[in-house]
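Sharing a structure here in structure tokens format.
Per-chain residue numbering starts at 1, and chain names A, B, C and D are given in the order in which the chains are listed.
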Amino acid sequence: MRLLETEKLTKTFGGLTAVSQVDMHVDSGEILGLIGPNGAGKTTFFNLISGLYQPTAGEIIFQNQRVHGFKGYQMAEAGIARTFQNIRLLSSLSVLENVLLGSYTRGKAGLWGAILKGKRVRDEEKRVRQESMEQLELVGLQDYAHQPAGVLSYGQQRKLEIARALAIYPALLLLDEPTAGMNAEEVEEIMSLVRYLKSHNKTIVLIEHNMHLVMNLCERLIVFDHGEKVASGSPQEIQTNPLVIEAYLGKEGDDE
Amino acid sequence: MSKQIAVKGLEVSYGSVEAVKGIDLDVENGEIVTLIGANGAGKTSTLQAILGLERVKAGRVEYLGETITNQPTHRLVRRGLALVPEGRHVFPRLSVNDNLSLGAYTRSISKAELQRLKEKVFLLFPRLLERKQQMAGTLSGGEQQMLAIGRAMMLSPKVLLLDEPSMGLAPIVVKSIFQTLKRINEEEKLTILLVEQNAKMALGLAGRGYVMENGKIVLQGSTDILAHDPGVMKAYLGL
Amino acid sequence: MFWQQILNGLTLGSAYILIALGLTMVYGILNLLHFAHGTVYMVGAFSSMVAIIYLKLPFPLAFLLAMVLAGLVGILIERIAYRPLRNAHPINILISGIGITIILENLFRLFFGAQTRPFPNVNLSSKTYGLGNGLSITNFQIYILVTAVVLVGLLQILIKRTKVGTALVATSQDMKAAKLMGIDINRMVALTFFLGSALAAAAGTLVALYFNAIYPTMGSMPGLKAFSVVVLGGLGSIPGTIIGGLFLGVIESLGAGYVQTVIDANAIAFVILILVLLIKPTGLFGKKIEKV
Amino acid sequence: MDSILNPYYLGIVVIVGIYVILALGLNIVTGFAGQVSLGHAAFYAIGAYTSAILSLQGHLIFWLALPAAAIVTWCTGIVLGLPSLRVKEDFLAIVTLGLGLIFQSLANNLKITGGALGLGSIPQPELFGEPMSNFSFAVMTWLFVALAAFVAWRALNSRVGRAWLAIREDELVADALGVNTTRLKVLAFALGALYAGVAGSLFAHYTTFISADSFGFNESATILSMIVLGGLGSIPGAVTGAILLALAPEVLRPLADYRMLIYGLLLVILMRYRPQGLFGRSKAIRDRYAKKWLKKGGPKHEAAGNRKTH
């Protein structure tokens, strides 16, 4: 089933075209990888489908609904969650509070409700706390729940960001370079987390430079270059696509 | 061979967090030395501390046999110590040409000499010549990295420090940049200290290397040996 | 009448430009809102007065001395109130600037009293020249216009044509990279404060002469209005500031006659500012900032 | 006992209480939601004038005028917040500064506010048919203080409060997590305005005379200084900061002419040596701003994963 589709999606900044006429789709339950050199428009593309940027032209269709012009919070409400390439945790808040924020869309309490704090608000607070702890357990950070997020190691911070995104209970999870700057062991942990999420029918799109991970994890790849989609296909097809090799991977052989 | 840079017992910290916990490191004349390790290991802090961009809490930094600990950056630059920073830091709203001129800011040289230096950079990176009048902010990541290196070369430095030149670049661009670094080292006999996360590329280029973890140096030696160390292979080469 | 108001507005706008350029430059290089800038304008006016009365200097020399003195005061303010706070919350910096304003205003009040003094006699009497069609201009207005053009021109030459100007631009674009070029950042910051403060002092002296009034809190309203000029121009853009200043001067001058019954001339600046920001939240010349 | 019930001291107690309410309100806007406002005194003025005009011309009793003032400031907060909060950070600081000056100017020129003369003979509140004593007024003021602190605390520790903190720390992330940032910022602005409205009403009916001079930029700057001194975002901090700075002019009164000079010096010294305020969580907030600085390439650290993206 089609979960997300873009038609001729385009974003320009001033005279610069960062994303140009991209047609793509994501099916429910798949893991899709976006690769390509830096500045190719991958992160801009993420920003478009998570509503942080508004497209200059083109369409985004999510769950058969046109979501054109949706803001970030509306995309989140619709069920698209994301992490950031440069880790954006709220470092002075606790680990748990960060995840609680992720569950914002699944609460109802308003200002006056919070001040009066009736039974419904108390119950809701209890429920989201419990669910947030579950997300923390999933990524193995439950013991740090009450520490400030800033004290976590780099790898732990990435996991916390994923837990926070999962707390939205998203239909589509966008991971922007989830293993950047991690050592081999941490990369393995992220890979098994992604596999676990897949086995629970999550749909994931990820941007990644780690070819080992991309080739092993993704069912389908899309290659970006200069804002355009230059190729797509299975990892095997991409690895042998001459265009991709020339633009991005370099010739086999001089790699060793 | 003489020591260009010697670091002894270097410590750097941010508030209560110790980023560098007492390391020794030296770079001899004409060699390429690499400092590898994962993100947050303290590599960038080490480089920045050498160049006075971070405060050295304890220990000593020597340059050409003279102690330079905690000297202001601009003075060290004047003495021929150039750093190509992480994230490139080109001046985005200045042209490629102006960026290069600024590289020679501290040097009192004639216009002709300035021009000669620029031409040398254009020989190393012909792409920059094509984009001479373009604003640096509009260059691609790879071109910006070339500009950052070229700009540092305008100083005619005695030692070139590079912080993650491969970051965020396509493998094919990284290869080309590393080849140029090799050329610079061979042709100009320029001493290079290279900080990298991309251990594979770094170990391929450098003659000697240091492996950093959690603010400490855990391994050092010739890159041939490091590349075959089981620990390094597993942790950094993904083998 | 209309053209007369335009002319008056351009004069007023020139004074705004001279004050606001300092704020723009400081914002450009340090990203901070320099709240004590208005008092530097006051310091400039008082310095001219002291130089004329006590040092018996002729007006042009007193004018230059005031610019230098105010420039030094600007450097001192940066050292004391801003530099120690470079990594602090912007609100801390703002309050530190407000503190400096309170200190300087009260120091001058203690020395010179709170009352309004006339500008000392400099053998310059006000002359009015008719330009035809009922349009007229005073010699003081001419001084303000000419000084503004000359000073802004010199500043442009310094920034565009000299090596130190390029270094200044580089520092405002990327401070870390500027250091790596061997540029002494602290000197660039000091230079920025010096230039900006000297321009403010020039404005302070000329406006004091024009209105024949000097008092310790004279800088507070022009200082606040200069912020609206800077924001109108798009925070940190020098050409934007110049156009913003002229725009505000003219509108204020035209508007004063019509809305005076509801709102002071001083508040018009902010009504315009808010209207402009409603249409374009980054000011007239602001670059659209999209950051992720 | 005699000296404590002395009207002079009771007056100080009331005024300090009013400042605490003002500071608690601004703390919601600036401390919780991170929106710097340099025009808080505008809402203080709106509250005071609304309450005064309703009593003088509408003959409303204080107990109705105060809630009316609160509702009016809440609504004005929404009306002014919606457009102003579209602009960010430094722009917002200047816009709110402008709002403050515009309102002061209106108060100075409109007929209904008494123009430059101000409004006098504002009726004092009555309790059980008797005019309220200074002592009961002081007690009532501090009951409002307690209520204001309690409401702020409940709001902070809730779904809404967490959303505010998220906006303060990283607005873009808040957006990506499903927080309607515009709505939440306006909500904070309106609640802060409501606090100022209550404070304004209390002020008008206590002093019985108000004029535009009481609601200028200096007033806004003082309130902001109070919450920064206490530690942005901290409720005990806002209370302590307001008490200290509201008392400072009284304590420094013997120094006469040097009073304001010393006040200015205090501000500069405090910002230098205790920038996080008395109750501030120093590190975290400073780190965040260090990052902002870092984007410009200033000194400071490697901050794990501080990669530039676009």
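Following the convention adopted for this analysis, a residue touches a chain if its C-beta (ideal position, glycine included) is under 8 Å from a C-beta of that chain, and two chains touch if they have at least 3 such contacts.
Everything numeric here is computed off the predicted structure, so don't read it as measured data.
K.L.:
Going by the touch criterion stated earlier, list every chain that contacts subunit A and also contacts subunit C.
P.N.:
B, D
K.L.:
If you tally contacting C-beta pairs, which pair wins, C-D or A-B?
P.N.:
Between the chain pairs C-D and A-B, C-D carries more contacts.
K.L.:
How many angstrom between the C-alpha centroids of subunit D and subunit C?
P.N.:
So the centre of subunit C lies 29 Å away from the centre of subunit D.
K.L.:
For subunit B versus subunit D, what separation do you get between their C-alpha means, in angstrom?
P.N.:
50
K.L.:
Could you please state the distance in Å, as a whole number, between where the Cα atoms of subunit A are centred and where those of subunit B are centred?
P.N.:
Centre separation, subunit A to subunit B: 32 Å.
K.L.:
Rounded to a whole Å, what is the gap between the Cα centroids of subunit A and subunit D?
P.N.:
So the centre of subunit A lies 39 Å away from the centre of subunit D.
K.L.:
Hey, what residues on subunit C touch two or more of the other chains?
P.N.:
Only 174, 176-178, 292 qualify.
K.L.:
Which positions in subunit B touch two or more other chains at once?
P.N.:
In subunit B, the residues touching two or more other chains are 39-40, 53, 89, 168.
K.L.:
Could you list which residues of subunit D touch at least two other chains?
P.N.:
In subunit D, residues 172, 283, 285, 297, 299, 304-305, 307-310 touch at least two other chains, as defined above.
K.L.:
Taking the complex as given, what residues does subunit B use to touch subunit A?
P.N.:
Interface residues on the subunit B side: 38-40, 138, 140-142, 168-173, 175, 197, 234-236, 238.
K.L.:
What part of subunit A is in contact with subunit B in the complex they form?
P.N.:
On the subunit A side, the touching residues are 16, 36-39, 153-154, 180-185, 187, 209, 212, 246-250, 254-255.
K.L.:
What residues of subunit A sit close enough to touch subunit D in their complex?
P.N.:
So the residues of subunit A touching subunit D come out as 18, 39, 43-44, 50-52, 71-73, 75-77, 81-82, 84-88, 90-93, 97, 100-102, 104-105, 107, 109-111, 113-115, 117, 121, 124-125, 128, 148, 150, 154, 157, 164, 168, 180-181.
K.L.:
Which residues, counting only subunit C, touch subunit D once they are in their complex?
P.N.:
Those residues of subunit C that touch subunit D are 27, 31, 33, 80-81, 84-96, 98-103, 105-107, 110, 174-178, 220, 224, 227-228, 230-231, 235, 261-264, 266-267, 269-271, 273-274, 277-278, 281-283, 291-292.
K.L.:
For the complex, which residues does subunit D have touching subunit A?
P.N.:
So the residues of subunit D touching subunit A come out as 151, 154-155, 157-163, 165-166, 169-170, 172-181, 187, 191, 281, 283-285, 287-288, 304-310.
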